[in-house]
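First the structure, which I've put down as structure tokens, then a few questions once you've had a look.
So that you can tell them apart, the chains are marked A, B, C, D, E and F in the order they are listed, and the count of residues begins at 1 in each.
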Amino acid sequence: MFVDMPLDQLRAYLPERPEPADFDAFWDRTLTEARKHDLGAVFTPHPSALTVADVYDVTYAGYGGHAIKGWLLVPRGAEGPVPCVVEYIGYGGGRGLPIDWLLWPSFGWAVFVMDSRGQGAGGWRRGDTADPEPGTGPQTPGVMTKGVHDPDDYYYRRLYTDAVRAVEAARTHPAVDPGRIAVSGGSQGGAIALAVSALVPDLACALISVPFMCHIRHATQITDENPYAELAVYCRVFKDRVEEVFTTLSYFDGLNFAARSAVPALFSVGLRDGVTPPSTVFAAHNHYAGPKEMRVYPYNGHEGGESAHAMEQAAFLRAALGA
Amino acid sequence: MFVDMPLDQLRAYLPERPEPADFDAFWDRTLTEARKHDLGAVFTPHPSALTVADVYDVTYAGYGGHAIKGWLLVPRGAEGPVPCVVEYIGYGGGRGLPIDWLLWPSFGWAVFVMDSRGQGAGGWRRGDTADPEPGTGPQTPGVMTKGVHDPDDYYYRRLYTDAVRAVEAARTHPAVDPGRIAVSGGSQGGAIALAVSALVPDLACALISVPFMCHIRHATQITDENPYAELAVYCRVFKDRVEEVFTTLSYFDGLNFAARSAVPALFSVGLRDGVTPPSTVFAAHNHYAGPKEMRVYPYNGHEGGESAHAMEQAAFLRAALGA
Amino acid sequence: MFVDMPLDQLRAYLPERPEPADFDAFWDRTLTEARKHDLGAVFTPHPSALTVADVYDVTYAGYGGHAIKGWLLVPRGAEGPVPCVVEYIGYGGGRGLPIDWLLWPSFGWAVFVMDSRGQGAGGWRRGDTADPEPGTGPQTPGVMTKGVHDPDDYYYRRLYTDAVRAVEAARTHPAVDPGRIAVSGGSQGGAIALAVSALVPDLACALISVPFMCHIRHATQITDENPYAELAVYCRVFKDRVEEVFTTLSYFDGLNFAARSAVPALFSVGLRDGVTPPSTVFAAHNHYAGPKEMRVYPYNGHEGGESAHAMEQAAFLRAALGA
Amino acid sequence: MFVDMPLDQLRAYLPERPEPADFDAFWDRTLTEARKHDLGAVFTPHPSALTVADVYDVTYAGYGGHAIKGWLLVPRGAEGPVPCVVEYIGYGGGRGLPIDWLLWPSFGWAVFVMDSRGQGAGGWRRGDTADPEPGTGPQTPGVMTKGVHDPDDYYYRRLYTDAVRAVEAARTHPAVDPGRIAVSGGSQGGAIALAVSALVPDLACALISVPFMCHIRHATQITDENPYAELAVYCRVFKDRVEEVFTTLSYFDGLNFAARSAVPALFSVGLRDGVTPPSTVFAAHNHYAGPKEMRVYPYNGHEGGESAHAMEQAAFLRAALGA
Amino acid sequence: MFVDMPLDQLRAYLPERPEPADFDAFWDRTLTEARKHDLGAVFTPHPSALTVADVYDVTYAGYGGHAIKGWLLVPRGAEGPVPCVVEYIGYGGGRGLPIDWLLWPSFGWAVFVMDSRGQGAGGWRRGDTADPEPGTGPQTPGVMTKGVHDPDDYYYRRLYTDAVRAVEAARTHPAVDPGRIAVSGGSQGGAIALAVSALVPDLACALISVPFMCHIRHATQITDENPYAELAVYCRVFKDRVEEVFTTLSYFDGLNFAARSAVPALFSVGLRDGVTPPSTVFAAHNHYAGPKEMRVYPYNGHEGGESAHAMEQAAFLRAALGA
Amino acid sequence: MFVDMPLDQLRAYLPERPEPADFDAFWDRTLTEARKHDLGAVFTPHPSALTVADVYDVTYAGYGGHAIKGWLLVPRGAEGPVPCVVEYIGYGGGRGLPIDWLLWPSFGWAVFVMDSRGQGAGGWRRGDTADPEPGTGPQTPGVMTKGVHDPDDYYYRRLYTDAVRAVEAARTHPAVDPGRIAVSGGSQGGAIALAVSALVPDLACALISVPFMCHIRHATQITDENPYAELAVYCRVFKDRVEEVFTTLSYFDGLNFAARSAVPALFSVGLRDGVTPPSTVFAAHNHYAGPKEMRVYPYNGHEGGESAHAMEQAAFLRAALGA
């Protein structure tokens, strides 16, 4: 049985946001510190046998100056710089292989895929980037609770910072038009795209699919599916630190980024989604301050709208990228 | 716990084949009849917004002259006809959308995707082709038992015939080099590719991944996973027709096609595969009469070797297609 | 945890019905066409070794004049024509064996069991009737989506028509009193009995147990169990055809038949039923226009009231059949 | 994956039997004691509205003289005494309602259904008989471990004794031909029928379907399904009493009854049965000393051969009962 | 998805209590009868090799004068009588081994563990006490339905009486201070502690963790987990006796004991508890008439607050026991 | 169905060990380096309200000089130093609370519990120790693959080293008799105890219960349960690094430690254990070079012998510790 709110309630759902007073200061400080490291984006040609795109194995300095990997695929034969979609990855996955990223180049745009530090061994697309920061305490399997007792130490501080820097890195490649950058991702990738849409104001658009890390405390109260369940497991063990955990998470909750975003965004939601339940996705969408559209998939779960939604995204990108 | 044979036994496993005396006659007659219908392959340009390939919405006459749908993607900017990979689809899926088939065009080859008649509403890639033959009796959900009481009426007679005709249709397009055709598929798609490798001798190569429909009776005795389980359900209900069912299936068992194939083939198997158990895949590989290679994925299930295997396939294709 | 409405809300639940303007015209036309075919009911004595009833293997012309199978069991030793219960079968089952239908003859009534075309290989009671109409497109396993894009092509148009003709066939047998016919069924059988109760006005009564095909769109939104889930899977794949699907289904929704029925009916519902959730069953009951009783089984699921309910049905039949 | 032995090994499987030296003495003593109580079979006409059979609500003295309930259905209109099938019930069920037992009367034979003391509240057919003996210690839910530390106290001593007395009770009814009694049952019912076939030599035949309580220790080592799993749970808790438990069970193991039986028997087995795994059923069949036939259902589980097997049983009964 | 009420509604939830008119008379009569039997508490020194406590194997007369087992652990080296915690056990468990009860002696208090008659073979801690009363009818596996048709025969009448007598037995040991007795238990143990808190007025305090047997009918309507599900299974079978069952249970519902309790109590609840759902636990707490505290564990299920809650209990005990 | 080897084969099972040539050198070097850091064991009295033991919150320098937490409980009132059991914890758990460790002090022995670095947030006992080494690449959730590409970086190098240092730390406390130290643990704790039994020769004994990390490659081939499954997931993703992974693991495989151990050991195994399958446990036991005993629990899974085995351990300890 499906038990989240019915669609009409979802469309109107606007819960209170858990916003810390120094939210903006925190992120200003975080990005300022990160930018002290030389971005140092290196694009090494990668032999792929592909005929439609040039592939580059990318390394650049993310949070803490750490080496972050990525792939850049540039469509062959373009005249002048092309728009670029910066793609973020779902929970547990990594950058995979270049052939996993043929979609946007097939439309004539570059794609820059950011590897997720420390992820990419969860069973699907492989990763190639370590997270050189150790945990600061016991950790529930997965990265949700890595450093969760202090916003400064929390894993997602590093990951979101890497993501901002990924946009900056993409902009340095001569084949990329720095004025036409989109960000995109589903689930954790959607959470990242949402955060970046607030932290990097001059984006062309954001594709935010079934985003994770939104309305987090509510999510932990209604779903028993991972990765939100990692937080629940942690709070079960550390009964005395629950408030501390959610204080940290308030610096990373998509609702707060949504309220600060101004770039045009295309959201999607599956009404049968138990991983990122519809009420958490609508909460983000409804708080989103920029121009926005929502695609509702009533008979889908966390997979969202699949290839049909990719076609929606392509049309949205075409309009936003002027291409 | 995993319980199929250990790898060294799998490599040596060569079970008896259930071959009917008129196997070759049956297929000669079947294909001869099908070819009486005008192939009538029509390639209608399909607006896709893709910049790397021209997309054609294909219709051609399959078994019984029925209209079979497909997609043809031809890489743009090729000089002269290009090799073409004819791709067959796994159980329950359909041809989906053109953006689902960007892989081989990205290497410079055309791809011709055959829709599976009556399939494509199973939850993943959509189909657009009806199976205009009705069932000939009660049917276990799915197509495994459609017409299973008579080889002439059996669903897979039509599907395999469509597949042979798909190769013929691909060859009629001016952008395709008819001398350099490969067939490819996983699971049901692998079963089809295996059958076509025997029925169409002049192929460049066959990519047969975790093939279904091999060593069928054995499969129904050891696994309880679909789609083999559809046969078990049927036999549970029709206790008096079990031999009849397996007589029909002997005309479609991959072991018999394997013993007749001469084209170079690349197989793959996942040792944790409960859908097409390793012993059924090795039985097909070990009986395969043509040049063959096997890639073993010890920690994979029915998903097989994923993108890593796609790269293996690309290398194999490059060698076989001379491209 | 059980999550459908509590009992007091269920008793008052009267949702809007999705009624197409030409509902009555559609069914008039459908039945008129069907009746152009000669009913041709043939009752072949079937050797069963039973001593209490004569068994007939029945064939008659259903929708399209197609040959529909059935069993007729007539209690031995009756003086004059007896009342007859026309029984419809649940999803996936078929007419089974004559010994599966001893209940009503043991009370002195004939039973006429209609086979469900194309069903009867789903793992339980076998069927013996083909559905000679092919699908008109890709089909989710099962029959729920066979021809779902056009009311004229939809599987249940044929099945419901077969069911009306089954009553007519039963009435032709000399041992059956045509003025004392009841219809009965559970789940899909209940859906059929409900439809027939509206389409055949002169029935003695209808036994409608845990009926399927009621308040269909709502059902697909709240349950993830088959067979309603087949519709959800289909709508997931064909995202652009959801309205079309539910338009077709509005010609078959039990709520619309309920509003047209005048025969005395005995309903049943299990409050723990996840297959035909209580709110869908009460919606049908509450809209039912004829005399009606409801038996509520608070601790049962889709199995409903089991043999205890069969005894309730026997008492209800005795009163209605004057026997 | 299915992992019990393949069929050819099953057919030859003849494991050692765990036979206590005083097995025969134990059962002689047990039955002698039981027979000291007046059988006192009372047959009270039960209003059922059935027209094909007279129904009697039966009470007789079982083990310890305890009142055991049953149903007797006698076909109406028979000339002279009729054969009678004494039916035993599967685990957790009770005698249910008279309408649950129409099968054998429909063939012209009486049926005598023995209620299982203390069972009949397990979710399916209700029971009406208490087990007036308390447990002799802690008990795993279910009856498998009730009194398991002493053969004299063990639940199945009482149940098997009730079953022998049920045959004696059936023979006292004037409508029953005492010389033509069959015993029948599936699962626990099969275990009882097997035991009675050894303890009551002058039976016409025994129908022993997917019997439970055979090769018990082996069963507890290979299956994790109930009811054998109840023994495993008990042995997990009482680690120091495992040998004691299996010593008690050796007085009740079907293998020992099989070796003593002389009545013609029809066995059945489902090769996918995880409740009474095939090797335990074949062990009983292969040790069976009387004339025997086995029906193998390769694609069935514990449900065995269903109505198709009931027809096999009817034919076997007709031959054995001379009716 | 978690679907019981949100916390603020839980805190205010005060459902009607199902109180029979003779509730107090029933328990007065019950205890008066029990006390006619000599308590006869025997404390046999048990060799345990423990150095911190003396262990006694206890036997005393419970309900009906039946021999009930227990353990008494008395901390070594105490000067004068010590407070004692009487501990009751969760469903299916027994008194286990002395080393299972080291917690309270490690704080300097004695612990008296009452074995649960007939339980202790459910897979975890073993029991050593039989329930010498037989069932009075068919019984769903487990003890929930043993004698459920008459309050006088119901299993929990005996168990609760044993529990009252356990307090009395503990008070007879010279090392125990009879004026400082606490009762404690989780789940079924919590149900018992709650009942005893009402039946034995002069207790120092009660520790009532995730109590079972509270708001019973509601529980059977919302959860499908055992042991409440045993009642649902029973009511499914005995459809005509549902009211009878709940009448019996009204004599044992924790809500009625709560309304009569005056001893200081510490409750606990897990908001993800599907076994004793939060609304049933809060119903008991909110009706509790004595001084009370509640510890809420938002991310725990039926395991409740684990060792962290044990520390809460220790602090609560220290205050209540003046130790 | 249970499918590992039968008991007689298990007792004789002696598979080849995967031993790297520099196994001893690796561990010599590792421990030598660790010992360059000052052990610095600090024992801070911890207010626990316990009356039977003094509790110390322990910190000492483990691998890399990292601060490792632990608890020391010393029985009160002992005359002179007492023996001490050093306890290691199962996968995902941490040192929990002092009240979790009352068992050995209750027998008069001290217990020293080592926290597992980075673990203790997996849902059960909490941990308080960070692992200050970051991962060296993508990591499957859990610690099994942290640094798995190089023996020097592998998580278990640090954990095993911490464990050796824990023995050394325990020996520094004045209340502990350094000549009478036992090591103990189950599952991961058993793996650690086994390793320490080889690396610290002068132990009184080792209690190795259902040990993990034994015959590792075989384990990953037969079980799909965590934590071995973490390795399988990793190898599925990193198909090209499988040999590298198992080379690293050969430095940590319990079989190699077993072959080097000389201290008396008590093993235990559950024959239904799917987490550490019996064949992996027997492989370790059969290779164990020191005096050894094995307790087999035929009806237990990974929980092993529970409190009954704790009593076996207590007796074994008494003999070994001369206490």
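We take it that a contact is a pair of C-beta atoms (placed from the backbone, for glycine too) under 8 Å apart; a residue touches a chain by one contact, two chains touch by 3 or more.
Small disclaimer: the values here were computed from a predicted structure and weren't measured.
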Check your understanding: Which neighbours do subunit C and subunit E have in common?
Key -> A, D
Revision key, fill the gap. At minimum, the number of touching-chain hops separating subunit A from subunit C is 1
**Study point:** Chain located farthest away, centre of subunit D as origin (C-alpha)
**Key:** A
**Study point:** Between D-F and E-F, the pair joined by more C-beta contacts
**Key:** E-F
Review point. Same or different: at the subunit B/subunit F interface, is the fraction of residue numbers used by both copies above or below half?
Key: different
Exercise for review: Using mean Cα positions as chain centres, tell me which chain lies farthest from subunit F.
Suggested key: C
Check your understanding: Just how far, in Å, is the C-alpha centre of subunit D from the one of subunit A?
Key -> 63
Exercise for review: Express in whole angstrom the distance between the two chain centres, defined as the mean CA positions of subunit C and subunit D.
Suggested key: 37
Exercise for review: List the centre-to-centre spacing of subunit B and subunit C in whole Å, with centres computed as mean CA coordinates.
Suggested key: 39
Exercise for review: Using mean C-alpha positions as chain centres, tell me how far subunit A is from subunit E in Å, no decimals.
Suggested key: 50
Check your understanding: Which residues does subunit A have that touch at least 2 chains other than itself?
Key -> 3, 124-125, 233, 236, 308
Check your understanding: What pairs of chains are touching here?
Key -> A-B, A-C, A-E, A-F, B-C, B-D, B-F, C-D, C-E, D-E, D-F, E-F
Practice item. Please name which positions on subunit F make contact with subunit D in the complex. Key: 1-3, 271-272, 297-300, 305, 308
Revision key, fill the gap. Residue set of subunit E touching subunit D in the complex reads 92, 94, 118-142, 145, 233-234, 236-238
Practice item. Write out the stretch or stretches of subunit C touching subunit A in their complex. Key: 3-4, 220-224, 232-233, 235-236, 239-240, 242, 274, 277
Point to revise | List of subunit B residues in touch with subunit A within their complex | key: 49-53, 75, 77, 96-97, 99-100, 102-103, 105-108, 124-125, 306-308, 310-311, 314-315, 318
